[in-house]
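Note that the chains take the letters A, B, C and D in the order they are written out, and that residue 1 is the start of every chain.
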Amino acid sequence: MPAIFQSALHPAGPQAASISHLWWLMFWTCSAVYVIVIAALLVAISRRRMDTRPSDGTLRTSVVTAAGITVVILFGLLFASVATGRAVASLGAAEALVIDITGHQWWWDVTYENPTPSLQVKTANELHIPVGRQIRIQLKSSDVIHSFWVPNLHGKMDLIPGRQNLLWLQADKPGVYRGQCAEYCGVQHANMALTVVAESSDDFERWIMAQRQPAPPPSTPEQQHGLQIVERGPCAMCHNVTGTVAGGRTAPDLTHVATRSTIAAGTAPNTRGYLAGWIADPQHMKPGAKMPSTGLSAEELQAVLAYLETLR
Amino acid sequence: MTPKAIDVSRLPAYAFGHRSIMWWGGASLMLMEGAMFAMLIVSYIYLKGRSPEWPPGYFAPVLFWGTLNTVVLLASALPNHFAKAAAERLDLRRLQLWMCVALVFGVGFVVIRVFEFRSLNVWWDSNAYGSVVWTLLGFHTLHLVTDVLDSAVLTALLFVGPLQESHFTDASENALYWYFVVITWLPVYAFIYLAPRLA
Amino acid sequence: MPSSTSRPVSHERWRLAAVWAGLLAGPLAWLTLLEVNYLFAYVACEVQRTWFMHLATAAALIVVAAAGFAAWRASHGDMTTDETLTHPLSDETRMQRSRWMSLAGVAFSIWFIVVILAMEVPIVVLKECQ
Amino acid sequence: MMEGATADPRLEPAALAREARELARTWREPEGFIGWFSRIDHKTIGVRFIVTAFCFFMLAGLLAAAMRLQLAQPRNTILGPDLYNQIFTMHGITMMFLFAVPVVLGFGIYFVPLMIGARAIAFPRLLAFAYWMFLFSGIFLYVMFLLNVGPDRGWFSYVPLAGPEYGIGKRADVWAQLVSFTETSGLSVSVCLIVTIFKLRAPGMALNRIPLFVWAELVTAFMVAASMPSVMVASGTLMMDRLVGTQFYNQAEGGDPILWQHLFWFFAHPEVYIIFLPAQGIVSMIIATFTGRPVFGYLAMVLSLVATAFIGFGVWVHHMFTTGLPQFGTSFFTAASIMIVVPSGVQIFCWIATLWSGRVRFATPLLYALGFFMVFIMGGLTGVMLAAVPLDAQVHDTFFVVAHFHYVLIGGSVFPLLGGVHYWFPKIAGRMLSERLGKIAFWPLLIGFNMTFFPQHILGLMGMPRRVYTYPVEMQWGALNLLSSLGALTMFAALTVYLVNVLVSLRRGAVATENPWGASSLEWSTSSPPPPYNFHPAPTVTGREPLWEPDVAERPVVIGLSADKRDVLVTQLMDAEPDHRKEFPEPTVWPFLTAVAVGGLYIGSIFTPWAVVWGAIPTTIGLIGWAWPRKGNQPRHLEREIAHRHRAAAEHA
């Protein structure tokens, strides 16, 4: 796992890069100002030679000069900030990859747009994007205000009910970048993360092809039993598994859940153990989450896990 | 040596207009109330800007009662003016008279206001338009009622209460506040009754 | 101290008006410009033009400069005495205060001219629809 | 040269003493149980405001400690999400609504009348009402919190999260009514302050001679009056959305969540300056006193305050940069938010110039003022960064912002306030605070503060959002969070020492003289603590630093105010010319009863809209009892007044 994988200071795309340039400019300028002002203050209070008491005229000149310099510096920073804003907003290619993201309490619903509906891909809490290609992200919310933020790629943009916000971004180096909801959205705001996987366009094409497939049929009896529970049990009421009768729409799409790195919107790694804990008692891992306890028996649970692991 | 002194014993014990602290108290109050009206009107404009049609899905309010009320309100400025003048002349009898007349206007206004609410053609919970219209009208009504009550108490005081200079300044400030209620009504009227017709 | 040169009261009124203009024109012009620019930003995106925004800035600048000049004028010239005053140093007090307010008006106008100029930066740098 | 300037028998020491005794009788605060609820003296109410506010400061501090405990390590389980969300919300609204604003207004309530040489504050009964509203709001909030109905939607209470659909239960209503309570209180106080500063200044205190602290309070009062109505409208409409089904913020019915953000931030950004301008006033007073010279650049200082206030109303959109508003429009708010740095900068330069050219005495109050420089300047600089739209898009709603506004608010407000307590404690309590304990408390406070909040800048840049009750282990935010929590512990210890100092000194502190610091403003010209009537004889002013002027001995005083009634001299707005005498009201319990009625109305309206109707009845009764005069003047007296008036009119003609 990389040292810092959710950081505004490690840009992996043009926007994050120009913002971090602005940051360093501001940082050094402000540090210099701080040092100078505090130095002046310390000199002022440590002066003991009262005979060299400056005249009010001298003081006036120095204060006015300082104020003038401040104004000049601030105009510089203002210009830099607006110029950066212009650069950051410069994306907007027609052949961009269009992704719809809808915020829910507390997970991300992801749809890869495509003119032909059958080629659309639905997934949740994990995006794959091709390196070097512009991405047009269309942000909506189904309930309250959320905010989409992947600091290594770009600043944040809110998801506001009744509106659609646009966020253009682009990844320059392959890698896994974590993002997190940045607008307080209720009891589980802390556990509403998403993963962005930036990969070569070949890998991306391979991934999207796989995602377009329906769920593979279960092979072992245990897996078949698991599928039955998923279809007849409580799961299907909220979750969708394409290729089965499970067609719920109010919770993350599980068609290829086994390919994702985390569960419960970044609350835990996607391993059999955690998955078992999550299904057995969601309210323990993520108190207040919308997923109710399923009340499966141990044996049923194992079956479901066995089936879910086939959803690659 | 004994210090020099400024003798203020001969200064009057009351003053009118911006000399009196009551005036400034009233002015600050009006600043705040005015800011609230402004905020509600800004909200109205904002919601109007967000909506493709205005009024969205409903008929504009009926003009009659609101317009009638505007006339009554403007007319009420007259007795109000005389009351203020009488107060500043410390003329108790006339003050009592005009306060009563102004009070009648005020009550009449409140009564007509009831019909206004009934002629809005929309409910507060129908949509955002209904909400903001009802709130604007309700907020102005609140001021109306409080000022009418205020005048009533003051008038009662002028008849039965122990007489004080402050009653005259209070009456003068009360008159000023009534002007405020009159003046705030004009934009409120314009937005509730005219804006939907312009759109 | 040049306090007893008698002037008509209207002159004092003018001075007072000039002083308050100097104090209020700056902030009010700027606040108005801020709101106007905010609305014009949408218009600019539709018509792909920004000249009217520069115009608004210019108008604001002219207003503030004029007010500042008036305040500066007001800081000069004598003041009439007022015999009804009871305080020993009233005249001097009044004159100092009046001069101080005029100066404040001038300084305030200059400062808000700077702020209004800062509002130009986005108009110059940004594209209409960003 | 002037009438009544000659030696006057009323100025003989014996006569003055006699009059002082009579004044003491006239202005005495009522005793007894009812009396305690009837007090209206601005010093009593001011102390009540300050003490109550600091109590809430401690409560909010404890809540902060709980949060730092939870965040000390990743995946901590001391607090669950539901409780944590209540706690961070409670911390925010307590600090903003129940500590910061009341305490800065409280200092104004106590010291403005003293600094301008007035006998009393304008509308003392309204002031008492304001205090009771403030107290009730705090009690209300914490009772609700103990009942597990504490607000949990953040101090900004965004819709739709706080709206009828997602803000289930009564928690969001508690927030809305707390706002109604505190804003009612704040608006009332601002009326008292504005009118006092405009009309009750000592003769000769023209606009250009008003002490800088009083200027700060005046500007603040105006900001309160202009900004709080906005949040009153916001909370009112939110209540209606939740209670009677209006649709202001329901996007499905033509409402809009962004409207809420405009209304809220149009109040909430000026709120920051409301908290911070009076603190700047305190810094000015402290620096002048402990350099032994007037603050350099009076005009610039005053203009900076006013400029900050005006520009403060043009920056609110920088809280909404990430809502998708077009960058072209929002950039103007960037410009404003960057330019607002200049006035504060000018003030800092003037203070440094003052220190440079003065004789610095390192008393504890000055120490806290210097702490203000160290901390606040950094907060101001990070503020510049937040004003930049692109940079804000990264750090907005992260711990970077948390660090920023704690540097601004603790540095810009709490440090000066703690210094102000040290500075004015002798005047209020009549005893000095221990300098030694004060210094012992200062250093750990400064160090602990930076330990707590500096790492949070880095955490924010490392991607840690605000308002999260926990964070994953692999994020590697643990170390810095632990450091931050340890810093909080240090601050806690330092503030405990400070509190001990106050409590001990109340009993054992050295008795204070009239002017222990050799300061220049009028509050130091009366006894410590001041008598109920503040001054006798009432002072006049001929310069900016009354007690440092050469003519301090032979400056004229005001005589002729009756001592047998609460007679107050009203002066003219600009030059403080004596204008008339106003009889001020007696103490009464009615403001308290009215506050009870209004409080009942507010609390009841959480449950039913009819509470507004039923609550209106006792409220009206309360107001009538409040306004109804107890004793009238004799008709002869009034006839004399009328005659006087006609005579004056005749002379005018």
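By definition in this document, a contact is a pair of C-beta atoms (placed from the backbone, for glycine too) under 8 Å apart; a residue touches a chain by one contact, two chains touch by 3 or more.
Computed from a predicted model, the values in this text were never measured in an experiment.
In terms of C-beta pairs in contact, the better-connected of the chain pairs C-D and A-C is C-D. The chain with its CA mean position farthest from that of subunit B is A. With centres set at the average Cα position, the gap from subunit B to subunit D is 30 Å. Centroid to centroid, with C-alpha atoms defining each point, subunit A and subunit B lie 52 Å apart. One inter-chain figure worth recording: subunit A and subunit C are separated by 48 Å, centre to centre, where each centre is the mean of the chain's CA atoms. Within subunit B, contacts with two or more other chains are made by residues 4, 6, 8. Counting partner chains per residue, subunit C has residues 86-88, 114, 118, 121-122, 126-127, 130 touching two or more of them. Shown for subunit D are the residues that touch two or more other chains, namely 2-5, 203, 256, 300, 327, 331, 334-335, 338-339, 342, 540, 556, 578.
Those residues of subunit D lying in contact with subunit B across their complex are 2-8, 10-12, 122-123, 187, 190-191, 194-195, 198-200, 203, 225-226, 228-230, 232-233, 236-237, 240-241, 244-248, 250, 253-256, 259, 262-263, 266, 537, 540, 553-562, 569-570, 572-573, 578-583, 620, 624, 627-629, 631-633, 635, 638, 641-642, 644-645, 648.
Looking at the complex, you find that subunit D touches subunit C at residues 1-5, 203-204, 206-209, 299-300, 302-303, 306-307, 310-311, 313-314, 317, 326-329, 331-336, 338-339, 342, 540, 542, 556, 574-578. Remark: subunit B residues 1-15, 18-21, 24-25, 28-29, 31-33, 35-36, 38-40, 43, 46-47, 50-51, 56, 90, 124-132, 134-135, 149, 153, 157, 161-166 touch subunit D in the complex.
Here subunit D touches subunit A in the complex through residues 80-82, 85, 152-154, 158, 160-161, 165-166, 251-252, 256-258, 296-297, 300, 322-324, 327, 331, 334-335, 338-339, 341-342, 345-346, 348-350, 352-353, 355-357, 359-360, 362, 370, 373-374, 377-378, 381-382, 384-385, 387-398, 461-463, 465-472, 474-476, going by the rule given at the top.
Residues 27, 30-31, 34, 37-38, 41-42, 44-45, 85-90, 93-94, 96-97, 100-101, 103-104, 107-108, 111-112, 114-115, 118-119, 121-122, 126-130 of subunit C touch subunit D in their complex.
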